[in-house]
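Mind looking over this structure? Questions follow.
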Amino acid sequence: MNEELIRSALGVLDNSYAPYSHFHVAAAVLTDTGNVYTGVNVENASYPAGICAECNAVAKAVSCGERKIRAVAIVGRDSQGKSSGYVSPCGICRQVLREFSVPQELKVILAKDVGDYKETTLEELLPASFGPESLG
Amino acid sequence: MNEELIRSALGVLDNSYAPYSHFHVAAAVLTDTGNVYTGVNVENASYPAGICAECNAVAKAVSCGERKIRAVAIVGRDSQGKSSGYVSPCGICRQVLREFSVPQELKVILAKDVGDYKETTLEELLPASFGPESLG
Amino acid sequence: MNEELIRSALGVLDNSYAPYSHFHVAAAVLTDTGNVYTGVNVENASYPAGICAECNAVAKAVSCGERKIRAVAIVGRDSQGKSSGYVSPCGICRQVLREFSVPQELKVILAKDVGDYKETTLEELLPASFGPESLG
Amino acid sequence: MNEELIRSALGVLDNSYAPYSHFHVAAAVLTDTGNVYTGVNVENASYPAGICAECNAVAKAVSCGERKIRAVAIVGRDSQGKSSGYVSPCGICRQVLREFSVPQELKVILAKDVGDYKETTLEELLPASFGPESLG
């Protein structure tokens, strides 16, 4: 399943829109219904208006009625097509994933390629998180 | 075409995730290839980590390889299912649409229902915009 | 007053943190109490986590108890210190300014230098805006 | 020093602008030059255009020429003035703090009151972070 998710992310990497950073990222999320949704980073001339790949994938899933993410795979390439290493999700992405997951159960796969990846959890990456219950 | 786009947006409105504002929004964008992509607002316990419906739809289109938006339709409902009137896109959404359009040619459709809408352009809503060429 | 505001913005331009875009921006806002607050753009390796100069200035004002902005001046420079022309606020900034102003009354000053500027209003830049009353 | 920083944050909590969440947050950051800068959350009718208290404080510091944060204290209150418990920074705030710190050395103080707080580090809250060096 990990490799299938990485393959899905790699499959859309060419669609990444990163004319400013030249840092191309793609992500694929697996939901509790067994569906997979992909996303890429979508940059903007006004940098803060950009959308990360992971957020893109989650937003796509939610817009299709999904509410629970089980796993996410992330891949990156520079403008020469070289792997960017194991791309770790930024804080915004971790926060967006948090809303639709149980952090201990959300598998995060940082992949260089289909057969070369590291696995962690959202709880590892965003401990003591701020979530829906924090609002009281 | 306007009505078809509004229908697409209405079709995903139930998927809006708005537990904090109870303000449900959906959008549909038409690209220059003739495809339609939908999106809903995806809120977050950390409010600034939320994603607007229009941004969701644009990000989805871009992740599928699209680069030019021709039209967008926006609809809104409150938690009782009542129309929120003609929902105007916020500044973030206008900026995200800007990146993938010619503002004068991007049709923006603010709809209460399939047969009840107002039409404007991105140029009307975001004149003197900050765009890719502003970075010099 | 316009020139004083431009001068305030120019005064902090060197503090702009823009290692990614090399596009340096500063802003100064005048509140209804007569105070002036400045801000610069604060970029981030995760581009969407960046903060625009105008937002920085508004946030600073609000944190000091201010709630109404009367005017804002914006200046920009590239990494060689050359003026970036009349820098127009992005959609995010327009939205943030919207929350704390009457759009028709908020003066927006786009300045190349103290004596070289254009003047407009938020209403001109963000017509039919989404604001507090839109939430119903 | 911890208590002084908490006191600074508490001192601006009344300036928090949170008409939508009614969740009031304030933060104070200490820089390597020994200065303290405060911030509050600044919400927006378009929720994603809001600015968190921690981001506000960091942006203020950067606009004054600071580039390194040593410690941050965070406090929260609900609309009745009751403490919101130990308010943990959201993912966005962690990312913004990341840019201007050595995560292992950045002290994060989650405070209910001057004498009641927990202490951690940014490295604990945002391990394996995405930072400037990730862009390659």
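Note that the chains are named A, B, C and D in the order they appear, and that numbering of residues resets to 1 at the start of each chain.
By our rule, contacts are C-beta pairs under 8 Å (C-beta built on N, C-alpha and C of every residue); 3 or more make two chains touch, one makes a residue touch a chain.
Note that the structure is a prediction, hence the values are computed from the model and not measured.
Chemist: Same or different interface residues for chain C and chain D, judged by whether over half of the residue numbers are used by both?
Modeler: same
Chemist: For the chain pairs B-D and A-D, which is connected through the larger number of C-beta pairs in contact?
Modeler: A-D
Chemist: Please work out the Cα centroid separation of chain B and chain D, and write it as a whole number of Å.
Modeler: 32
Chemist: In angstrom, rounded to a whole number, how far apart do the mean CA points of chain A and chain D lie?
Modeler: It comes to 25 Å between the two C-alpha centres.
Chemist: Can you pull out the residues of chain D that are in contact with at least two other chains?
Modeler: 20-21, 43, 45-46, 49, 51, 90-92, 95-96, 98, 130, 134-135
Chemist: So what shape is it, when you link every pair of chains that touch: line, ring, star, complete or other?
Modeler: The chain contacts form a complete graph, every chain touching every other.
Chemist: What does chain A use to touch chain D in their complex?
Modeler: 21, 23, 78, 84-85, 87-96, 98, 120, 124-130, 134-136
Chemist: Give the list of chain D residues in touch with chain B in this complex.
Modeler: My answer: residues 20-21, 43, 45-52, 90-92.
Chemist: Would you mind writing out the residues of chain A in touch with chain B in their complex?
Modeler: Checking each residue of chain A against chain B gives 12, 14-15, 17, 19-20, 38-40, 42-46, 49, 51, 55-60, 62-65, 67, 92, 95-96, 98-99, 130-132, 134-135.
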